[in-house]
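Next come two complexes, and both contain chain A; in the first it sits with chain B, in the second with chain C.
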Partner chain A sequence: MAIEVRIPTILRTYTGGAKVVEGAGDTLGDLLTDLDSRHGGLRARLVTDAGVLHRFVNVYVNDEDVRFLGALDAKLNDGDSVTILPAVAGGAFGFAAAAAIASHGAAAAVVPPSVTPRAVVR
Partner chain B sequence: MLSIDRSIIDAIVAHARRDHPDEACGVVAGPAGRDTPTRHIPMENAARSMTFYEFDSMEHLRVWREMDDRDEEPVVIYHSHTATEAYPSRTDVAFAGEPGAHYLLVSTREPDTEEIRSFRIVDGVVTEEPVEIVDAAVDPHAVQSYMFGQSPATVDYECSDR
Partner chain C sequence: MARYDSLLDACGGTPLVGLPRLSPVVPEGAPPVRLWAKLEDRNPTGSIKDRAALFMVRRAESDGRLRPGDTILEPTSGNTGISLAMVAKLRGYRLVCVMPENVSTERVQLLRMYGAEIIFSPAAGGSNQAVATAKQISAEHPDWVMLYQYGNEANARAHFETTGPELLQDLPTITHFVAGLGTTGTLMGTGRYLREKVDGIQIVAAEPRYGELVYGLRNIDEGYVPELYDATVLTRRFSVGTRDAVLRTRQLVEVEGIFAGFSTGAILHAALAVAHEAVRDGRRADVAFVVCDGGWKYLSTGAYGGTLADAEEALEGQLWA
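Right after this comes the complex of A and B.
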């Protein structure tokens, strides 16, 4: 079954520049595995080593944020449209930001290693 | 170089002042491939923080779809720093996910003056660029150029280990 996936500019290096690709899978996790077989490296930009979606990547199924649909377990159907957008985030940072990150997202929140604050209190 | 209409800069500064001391954020869209910011879209800072900003994920989707439908792209992505200089923090660099965009920073730390600077952030490399403010309302051919202060040596505002 075909699911349309919209790829953001920054990840089009994995899709030969394509803005939209097609894939298959019963869940988002399956879809990303399927995509990775043809667009090697793409999945690793979206899923952490621990096997959860990166905190600062937004993935949508049709009009819904997958965080509210079970994340990688989100069910997919033929004809669904998946959109990937890198979160737009930043700021002067500091302890308050670390707290904001920690409190904002799911328990699975993962800060990319490159920005893990050195002084964050967990 | 970022060329931007004065009315848009004024609107961005007003947004940053309005949300101060929280950081404000938003986008200026423009026709794809033209590198011309034309449509100012103030965004909600879902983090509501003085040191962090993040687009609301649903608003993000809606605005990016709308740009797609209109054949636009995010020409400028802006946010404010409310207590520090208008220079990308390490966090800004790590999260910069739109290599084609001008990253505009406004500092509202001084009550009477704004510091406005623009950067390209590609693959973790920050390059400052001049900002040209175009006064279209007066005369589209009259262009004033401002070079907002060159970057000083790297300043690290992040917390140290202690």
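Right after this comes the complex of A and C.
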């Protein structure tokens, strides 16, 4: 049974850089265990020691949030598509961030958040 | 309903319009499944954020946090900034917005026109940096008031007291409410109200799924969930990609004549999904969804014309909702 899993950039160190990997399992929990057998360490980044999904991780089955489908017990079927994403703030802040990201691209990702702001009132 | 003492009094009370052409066709004899659009672009500055801005300012006034002549500080260059600038102007406050220095000149002009002052944060740090800058400025100016929409209960309260009751009054047969998930204020407030009043109501979130660059900025341990968010208010939560959002945004103007921004397209995509499920299950459904704002501010993206692939590329790396 093949389920396509989309891996976010930040976790591709566990998949040898692969954006999409395949796995199997009747539930999301089974799928993550299966993936961990080939991509060691991945599961621990997604599931806490308490056995629940990490607060800042969102997982979607066919574009629907698994937390509303039973979380790790969510049922999976052959051909399903699973997407893993980090939680981000959207909404009203969008366009400011958009401009920053669009102009600086991936370079923005390596700037530490501790960089001294040079705020200027114009 | 057509005369108000001031622009602030004209906030809310937006029309709910049926979408007879986009609503799914049901088999003969089956119960009706109808889509309804709540036109939030009809608010004073053209977006749903006017409701939250007004409530957050009024709450701060009644709490004694805001006094005449005070300065409001907010890290935003989007609709909330525009709404706050208008409310601040009319209520006698100074508004300072923090945003990355390379935001479009269109945004800067719009905010300045409404009277906001702008503090730029270094572009390279993106939104994290702008929020950090805002916090630092806040520490340097303890007398400035930061309303912080992601954690301000008055944001959700605005929708509990206005959006929710308006929807129930206009559509007592409502079965689904679909809105976008950003600060989560709209869904938390409207959702709580409708859950109290309507048995079995489904509260459905549509969350924009951006291009990879956006998520590339985030380490999973530094993720962010707005303080206002309470998952128990929602029934379901959909992630909607750029292509689907653009497709639905175009469909909405082509088929029903409603010209909206891309976040509305994402919401419509989720609304259509639940509507088609209802048809399949032979259930009656009145699905109300939010039109957050008009499309005017997004025309320069070029994503309203050309192929879907071109539009997707134009929005790649942007937080389009």
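Definition applied: the second predicted complex is superposed on the first by the 88 of 122 C-alpha atoms of A that agree within 3 Å, B and C clash if a C-alpha of one lies under 4 Å from a C-alpha of the other, contacts with A are read in each partner's own complex, and residues count from 1 in each chain.
As a working rule, contacts are C-beta pairs under 8 Å (C-beta built on N, C-alpha and C of every residue); 3 or more make two chains touch, one makes a residue touch a chain.
Model, not experiment: these values are computed from the prediction.
S.K.: Classify the contacts of A:F56 with the two partner chains as first (chain B alone), second (chain C alone), both, or neither.
M.R.: So A:F56 meets both chain B and chain C here.
S.K.: Look at A:Y14 in the shared chain and tell me whether it touches chain B only, chain C only, both, or neither; answer first, second, both or neither.
M.R.: In the superposed model, A:Y14 contacts neither chain B nor chain C.
S.K.: With the two complexes superposed on chain A, say which partner A:R45 touches: chain B (first), chain C (second), both, or neither.
M.R.: Second partner only, chain C.
S.K.: After superposing on the shared chain, does chain C or chain B touch more chain A residues?
M.R.: When the residues of chain A touched by each partner are counted, C comes out ahead.
S.K.: On the A-aligned overlay, A:A87 touches which partner chain: chain B = first, chain C = second, or both, or neither?
M.R.: A:A87 sits against chain B and chain C alike.
S.K.: Check whether A:D65 is in contact with chain B, with chain C, with both or with neither, and answer first, second, both or neither.
M.R.: both
S.K.: Which residues of chain A are in contact with chain B in one complex and with chain C in the other?
M.R.: Dual-contact residues (chain A): 8-10, 56, 58, 60, 63, 65, 67, 83, 85-97, 100-101, 104, 115, 117-119.
S.K.: Spell out the residues on chain A that touch chain C in their complex, using ranges where they run on.
M.R.: Of all residues in chain A, those touching chain C are 8-11, 45, 54-58, 60, 63-65, 67-68, 83, 85-109, 111, 113, 115, 117-122.
S.K.: Using the touch definition up top, name the residues of chain A that touch chain B in the complex.
M.R.: 8-10, 56, 58, 60, 63, 65, 67, 83, 85-97, 100-101, 104, 112, 114-115, 117-119
S.K.: Within their complex, state which residues of chain B touch chain A.
M.R.: Residues 23, 25, 27, 43, 46-47, 49-55, 57-58, 60-61, 64-65, 77, 79, 81-84, 88-92, 94-100, 124, 157-162.
S.K.: What residues of chain C sit close enough to touch chain A in their complex?
M.R.: My answer: residues 49, 75-81, 96, 98-100, 102-104, 107, 117-133, 136-137, 149-150, 180-184, 205, 207-210, 212-226, 231, 234-241, 317-321.
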